[in-house]
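Presented below are the structures under discussion, each in the form of structure tokens.
Next, two complexes with chain A in common: one pairs it with chain B, the other with chain C.
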Partner chain A sequence: MGKITFIEHDQTEHVAEFKAGSSVMQIAVDNLIPGIDGDCGGECACGTCHVIVSDDWFRKTGTPGGEEEQMLSMTPERASTSRLGCQVVITDEMDGMTVHLPEFQM
Partner chain B sequence: MPTLSKTFDDIQSRVINATSRVVPMHRQIQGLKLLMGAKKKAFGPRRPVPEFVESAIPDVNTLALEDIDVSNPFLYRQDQWRAYFKRLRDEAPVHYQKNSPFGPFWSVTRFEDIMFVDKSHDLFSAEPQIILGDPPEGLSVEMFIAMDPPKHDVQRSSVQGVVAPKNLKEMEELIRSRTGDVLDSLPLGQPFNWVPTVSKELTGRMLATLLDFPYEERHKLVEWSDRMAGAASATGGEFADEEIMFDDAADMAWSFSKLWRDKEARRAAGEEPGFDLISLLQSNDDTKDLINRPMEFIGNLTLLIVGGNDTTRNSMSGGLVAMNEFPKELEKLKAKPELIPNMVSEIIRWQTPLAYMRRVAKQDVELGGQTIKKGDRVVMWYASGNRDERKFEDPDHFIIDRKDARNHMSFGYGVHRCMGNRLAELQLRILWEEILKRFDKIEVVGEPERVQSNFVRGYSELMVQLTPKS
Partner chain C sequence: MANQQKETTVIVGGGHAAGALLTTLLQKKYQHEVVLVGEEPHPPYQRPPLSKNYLAGEVDQESLYLKPRSVYENAGHQLRLGVRAEQIDRDNKTISLSDQSTLKYDRLVLATGSHVRRLNAPGADLKGIHYLHDIADSDALREQLVPGKRLVIVGGGYIGLEVAASATKKSVDVTVLEAAERLMQRVTGPEMSEFFYTKHSNAGVDLRLNTAVTGFEASDQGHVAGVTLASGGTVPADIVLVSVGVVPETALAEAAGLPCDDGIIVDEFTRTEDPAILAIGDCTRHRNLFFEKMQRLESVANAVDQARTVAATLMGEKKPYNSAPWFWSNQYDVRLQMVGLSQYHDQRVLRGSPEDKGFAVFYLRDGCVIAVDAVNLPIAFMVGKTLVQQRRQVNPEMLKDPDIELKSLVSGQSIN
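Up next, the complex of A and B:
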């Protein structure tokens, strides 16, 4: 078990508990965090679970893969530490991680 | 021979691009029409233009699997599509039809398989067309929905700003006031056709705004789009006269060239660029000279017009049809108006305004126990995936609080996912918010008239009677 903090574009914070092995998208959807849609259900095929990882944590989440990069490139809010939540599998090392949500999911 | 025709199309595009600086675009297209006419006289048509005459479609259970042809443009109109696709999903989820009027093609009908094909742009190409049949000969316009990466990515990113959420925030009030105006003008207590009065009118106004097209001429956008998407050779639609399509393309080229030059001149004179599509194209290095590539210019404008026309229009009508088939849902909605956003997704799932997208296999691919050969046409039937009982519970039921309504495939998945999805949702959400403010009952009176097409799933007539809130 661990905790992850989602910060909405208007700075509202939501803390959610997680079990390792789940994805950032799944945790958000399970906890009804506003601002993450996850339309394709975790297939890396819609780009609606875009999160911006805090710099300190980006090393732990790693960089996007090729498919993911392609989907991210279609969003105007792309940042250097952007990830698709469905592609970030949570490990115990990520306890305490903070991710920011973009203003819009495309 | 397809390779020969492809070469011909390529040469034609190059010639047109090369001459576009000296010959106005609409003249070029008129020239093409003459050229195609002469070519057909000399060599005969590349292929006969199919003509579709409606006859009663047989019960799918009387057919051998290999005789099932879901390209029949009357399948939706005769309300046979559910039974046909259910049989394919259950018995032949990756199905080959070798003798359709559009040539041989594969149908992929289960949610999971469609997702796989849609995501795999390395295996399945969107080029040169995303509709089952071919466009009129000589009118092979180029649009990014029918381009593979990386060219696709460049073109899409140059225009997607026009429907990006940031732009939409600016538009919300405008959409709301127009929707209110249209709804306030409707007759009460007597039947009228909802399609032209509401669905077409609202989508036409939206298109004119996105393109900054002369407002009083906005009906032209709708007419071009209807004929383009309704070409018999392409989608089995009712428009078989290809000459008219050349005239449309020329007319469109003329209107948009004029719009482009006007904007160019206004900008040169120091005016701030707007947020409309043409201004965005002119602001981007990759597309600022798009006017010199006429087939691409026309193609991408057509894409945005068709993309924003039939889809939203038929979801605006389809929501009413759904509510009338499932009247308890309207009661549910009145009790919990906060369900509107989820209901909008459910309307889009239930209606699936565009039935499919087409791909061409780039190599041999094994799928569902079948071997799809390199070069074969593959149709991803979103309309079937959205009713796949393996994915959605009670898929034929319209349930406004369906938990996974958002997972519908109507927007497609992967790099070609609908760019205007948020705008479409916004328009539908506002429409229903404004309907709920005004009307107590919205009754569909009489059987809706459905359009002839294997691609567009829409309504030409939907008689409705409204009772105002007391």
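Up next, the complex of A and C:
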């Protein structure tokens, strides 16, 4: 168990509890966090779960894989710590992590 | 809103469209009472994994649920699951349910989805003949996928081929019978059909095209033992999956006198001709401003997009449905992503080759990109989404030139 903070583009904060093994996308969806759609259910097929990981936490989440990178490369809000939420599997080490949401999903 | 009396919105159907609608209404803080009536015992769930990793036993049932049931209920939505809607009384605005109760609605959203098309052939009721549409179907089929068993799949479309890939992983002996001259003929072009033919052949699947089925043979125990072919001959089988498409579930709407034509007719705001009744998802033949004609689509993307449209309509916003359809499929190590409807093309352009790690087919009509199928090449899908949505005219030479970055085709141009 742990907590993750989602910060919407307008700076609204949402704190959600997680169980390790879930994805950042699923945690957001289960907690009705606006701004993450996850339309494909986590198959890395739609690109609607873009999050921007806080710099300090990016080392823990790791960098995007090749196909994820291609999906992300088309968003105008791409940042150096962008990830697709469905591809970030939460570990207990990520307790306290903060991720920012873009203004628009793709 | 505080001064208005609370209305009741009833959603009939518990699939992806209904689930996306519940979520959108929660996020938009819809003030009215919401009741969902769903025939299955489950809260809204993802169907795509039923032929893929759920069938293969790699993920559990809970992980299919769009959200835990408690999320909706804690937020005040009522879920009446395991209950069928039987009749709509439009004059009194009520709907009668299979548990003998009646619900009063102010607004009704039909999200009844589709049901599988059944084969009407001799022996079609034999034990061992499966269809795949819901969790129970996937569970029943998974139990049978034992190494060495002979699975014959009737229909070489998305579902049939996804099951072929999942079953092959479990060392099941798979044969696919397809009546058309190529795989996935309804949804993709010949290059993709050919690519998937090779992929499945290499995995050991026995693929038979131009092969129509006439019926099923029984064992002495009354279990299916073979599939008989129009060309003569029988393919022996221990298990059969019939995957020959779906039919929109319109019975409730038709009985209520709502106009239907292979789908419940709705406009770009998802409204039927009855101002109190709306419809979304697989069950609709709808107007989408993106197309010139009415369409019926069987896809998650359509379910979700129409759910967002109906939520806007319910909340008094005018947001017409205007998005390009998209689809995906996973088979083996292949991720196929598709945008647009390719069947209306007059030109195809291949980028890369099926021998490469990733490649794509662009479909053009009158010089505009109308659809893209991308295999392990998400950038082509993402660029394609923009090109298709904006009906961009693109020089075909640029689409196929590996020295031109796809991204450059959509950056810095204004939309016309």
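As a working rule, the second predicted complex is superposed on the first by the 106 of 106 C-alpha atoms of A that agree within 3 Å, B and C clash if a C-alpha of one lies under 4 Å from a C-alpha of the other, contacts with A are read in each partner's own complex, and residues count from 1 in each chain.
One rule holds for everything that comes next: a contact is a pair of C-beta atoms (placed from the backbone, for glycine too) under 8 Å apart; a residue touches a chain by one contact, two chains touch by 3 or more.
Source: prediction; values computed, not measured.
Within the superposed three-chain model, A:41 lies in touch with chain B and with chain C [touch as defined at top]. Of the two partner chains, chain C is the only one touched by A:32; chain B is not.
Of the two partner chains, both chain B and chain C are touched by A:71.
In the superposed model, A:17 lies in contact with neither chain B nor chain C. Of the two partner chains, chain B is the only one touched by A:103; chain C is not. 37, 39-41, 43-47, 67, 70-71, 73-74, 106 are the residues of chain A that lie in the contact sets of both chain B and chain C, per the superposition on chain A.
For chain A in complex with chain C, the residues that touch the partner chain are 29-32, 34, 37, 39-41, 43-47, 67-68, 70-71, 73-74, 106.
Every residue of chain B that touches chain A in the complex is listed here, in rising order: 115, 118-119, 149, 153, 156-157, 160-161, 164-166, 404, 406-407, 411, 413-415, 417, 421-422. Those residues of chain A lying in contact with chain B across their complex are 37-41, 43-47, 67, 70-71, 73-74, 76, 103-104, 106.
Considering their complex, residues 23, 26-27, 46, 48-49, 66-68, 71, 75, 300-301, 304, 326, 328, 330, 335, 337, 376-379, 382-383, 385-386, 407, 410 of chain C touch chain A.
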